[in-house]
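Order of writing sets the chain letters: A, B, C and D. Residues in each chain are counted from 1.
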């Protein structure tokens, strides 16, 4: 599905080289002050800086509000935000098509869509659509005024220092992966739903919609596997549920416990690497050498933090609205 | 929510010390041969062996079919499978209640449910409910006759050898965590849905419903973060999409690519450890020492493989039915 | 689907002659005082009186709470209520099966479920499942303390007087239909969701789940088709939105407008009539005479009011919780 | 919600006087040949003819495809179709606002959205959005090549002859209501889902999203209430389930039975009538006379048939895809 959420519901659409990408937010409460300027910071962060190792495709990324906004406020009707695609280059996609790029969705897309998929620049599978996630996050954060959500690179190209990691990628002339950590402060206890819709479940669901994510872990995560229970359990120290350590990453039983929410995601090296690779030519049946043309991001992880914050905000906003439902304020 | 899935839909209910736990499967096709005997193997695997370091609570775990089964076949109507709870001991839960157990859902449950939650033995948060997951998996696997799903412990108590890991836990008199890997063979290419409902997204969503899961990674997972693109990309070697390496773990662009599906999950050490711990007493306001009474599993990860296989089967069955929808066979 | 609702979610299961019918309510707030006694009145109303023209199958209809109830209060976890089936008679269903009963689901069920359906007494299509609706309504009404929901027969067997209508059915020795009206007082303005989930849409959706319903109309309904706009429009007379007339039946633009909610449903004569009928014998290929054995209700409409009130309560409770979500009380 | 459907899923957005209205279709299979020309006939039918008694607002209604279409075929990715709004006149909406128009959503919208709603021309509640329904219907019908769906006016202004009904409205200088009947031929038996998602339930749900609908009835509908069972039951005459009469309107037990599907809907007289009316002025607190400015449709029912056919197609396409899912063709 291209929709997500129960109250604060998102529907995403678009392709990399089609007329536009966009998102419709259904269930957004009325009365939120909103304008194009509110999107600037996060959209710019997502674009990444200009420099060696980053893609030269820079979109204007000016949000166009098709519906749901009136006199500078959300109306409560579906809010549709569209980003027209510019800066697309026709390119020789037909030729490239015979040789599905390793690590990309090219091959599976053709299997799935019978060859009718828009294959230009990855089509609907393109990272271009994350601009819509960032836009949704801007709106979601308006619903979370007392909550701070911050992401940062904790590892790039195998190095804890992101700049050094990028330098290594440039030196290697190869793409590199990374790890991004997200921390949320100010979350009340009790957010999340029982059983299937635990806080971890829904966050993980949303996070894996970000291209190139290969893993997610909460709190101590995979390291917890080698710990003992007595070392891992976080002692509760007061009536507010404050814990001494935070190995749980702020979640017990699938619900926020009032401490800081902490999780990390693994980003694989982007499949578009300048290195020559080999793949199967569907037309000739031969294995042939292959090089991704054009310049691409060598360290896509650098652009992930604002996207990760955005999907986190979207999930938390939906949970907060759900929780309000159960408080029964209207009854 | 306590429901999950789009076509093959599950609704789960029950508490550890209530009359029963159970699951309703809606959307299960008619005509599947099914009986209590089909559940035996997986239910037994979930119970774990008898021995030092395992819980002495052993339920009969005899499935009772309340609906949806007639003359030994599924009918197409909702299939409700109930497991009555036996072997519950009243215990002194009231006293325990004042001191929320570290690492458990006790504290957050009270925050969330205002004290009305069934707190006996973890209530609805209990691992007891995984018996329902295993039951659903048995049914789901009937829809996947050509697919094999196998899970195994790859690390326990910090050791690659599970027996050694358990021995260490017994020696330490402390609970330990572990890592469980799942491999699926026979999956066609093209399973998964675009954007939000990628194969990783929905698997992760389901997997985090299993208690004690702290992380999930696909293919090379977190290790991918330190790899280069040229090393990570899997070269396609034939028209069926077979790849040389399988760093992607069988998924590209959120869709199965026809290779083996591989993912791993991290299990934290179970919160119930024999070691003395400290927690906050809600009634006295004091920090006090605390010990979990009774015998509990020291290495809960040992019981996870059949549960992990079950949720994997449930997710894949739903995706396969969805894919059939789009093939339009009825049109 | 056998599930319904967005926050207050119902999953229904069971067959007429299986072990039990039941319902799971997910999303029910904790802290509602609830016990078997709360169900008595409505369950009894649904059973209808004892007498000529009514079915002799009378179930005990004692609710069994499998989960979600603890110490006399809802816990916030899924509330599963089961009604074991008693009073089933094995009967000669096999023989009857060759001749699908006119007006029943027999024929379509076999088409749909390939012959695997539980055909005894209508199976999952049986009116027996309405006991679950009534049970859900009892819970839903706890969420609507200031709202009254009342249904009454306005026509039976073509006569405005229900007793006379039943007398006519007995005299004709044939089943008869009827019209049931529902009125809801105390509803605040603004309940309902935009576009697809208008108050009419969701009420109609739920109402058509009641067996034998053939139509629904709001306010002036079908009579509105012959009215003029100036006669039909309800003048607003004060700031609370009170209208002089109530042709709209309490709904504008799909949302409650604060006036009385009024709608009517048409119930067809139940298909089980003592009269001899003709149908096709699947085995012999012949058209043959056919008579429904046993005594059945001649005027099933008499038993509809509590069921109609229940589904109305369920819909309104869900909308009220949704509306609370949007009020953002938790934020 | 502004989304509808389970496999063939619609998300609708837009306001009468905003930049555009539009619809995203998620789950549309790839490979359907589609272009602007395919929409012409139905969009033109929806606009109604030019003449006395019809609105002079005529939009170009040229579909713009934002996504999901490539080289003249659907891609399988979300298909977003946008209709820019032209022909909007600023008008003196502020002044009008103090006096909520009787029969319109003005009052409830303010109650619901706290005054933040786009009130110009009805905003999101406008009939303008039905252009999106018609567009979705065009796509849905591509999935139903062997099925014909036809709607016609059976009553207008209280007269069976639509032209006479319109003439009466013009003579009365008042708006009038009508009844529209829909017939579907070629439907296989077994479409519809058990319990909540019966064919009637989902059709009714969708139909009530069309503005001005006040009732729906299937087969004999409300007339069934006065019939006897022996007269109402349709005798099955052959192994294909053909019935002699069709009082059931092609549905038994919530599933299509293979006969013609027949249902009717009641359209109220549009609230915008040239007649002077009275309403409450929120600012002055006085009841004042009120006249809807501009020319409007006197008989909006005339424009309903293509919209009714469209929502019917949308519902049937979704059910057909669901049915395909259960056939398990991909397994």
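Note that contacts are C-beta pairs under 8 Å (C-beta built on N, C-alpha and C of every residue); 3 or more make two chains touch, one makes a residue touch a chain.
Computed from a prediction, not measured in an experiment: that's the story for all the values here.
Student: Where each step is a move between two chains that touch, what is the least number of such steps from chain A to chain C?
Tutor: Counted as steps through touching chains, the separation is 1.
Student: Would you kindly tell me how far, in whole Å, the mean C-alpha position of chain C lies from that of chain B?
Tutor: About 37 Å separates the centre of chain B from that of chain C.
Student: Just how far, in Å, is the C-alpha centre of chain D from the one of chain C?
Tutor: 25
Student: In whole angstrom, what separates the CA-based centres of chain B and chain D?
Tutor: 44
Student: Could you list which residues of chain B touch at least two other chains?
Tutor: Each of 1-3, 6, 12, 27, 76-78, 112, 124, 194 in chain B touches at least two other chains.
Student: Is the way these chains touch best called a line, a ring, a star, complete, or other?
Tutor: Its topology is that of a complete graph.
Student: Okay, in this complex, where on chain C does chain D touch?
Tutor: 1-4, 6, 10, 12, 100, 102-105, 107-109, 111-112, 124-125, 129, 155, 157-158, 169, 172, 174-179, 189-190, 193-198, 200-202, 204-209, 211, 213-239, 241, 243, 247-249, 252-258, 266-273, 275, 277-280, 282, 285, 287, 301
Student: Over in the complex, which chain A residues touch chain C? Could you list them?
Tutor: Within the complex, chain A touches chain C at residues 6-7, 27, 29, 76-78, 143-145, 188, 194, 320-331.
Student: Report the residues of chain C in contact with chain B in the complex, numbered from low to high.
Tutor: Where chain C meets chain B, its residues are 1-3, 9, 11-15, 18-22, 24, 26-27, 30-31, 64-68, 70, 73-80, 82, 112-114, 116-118, 123-124.
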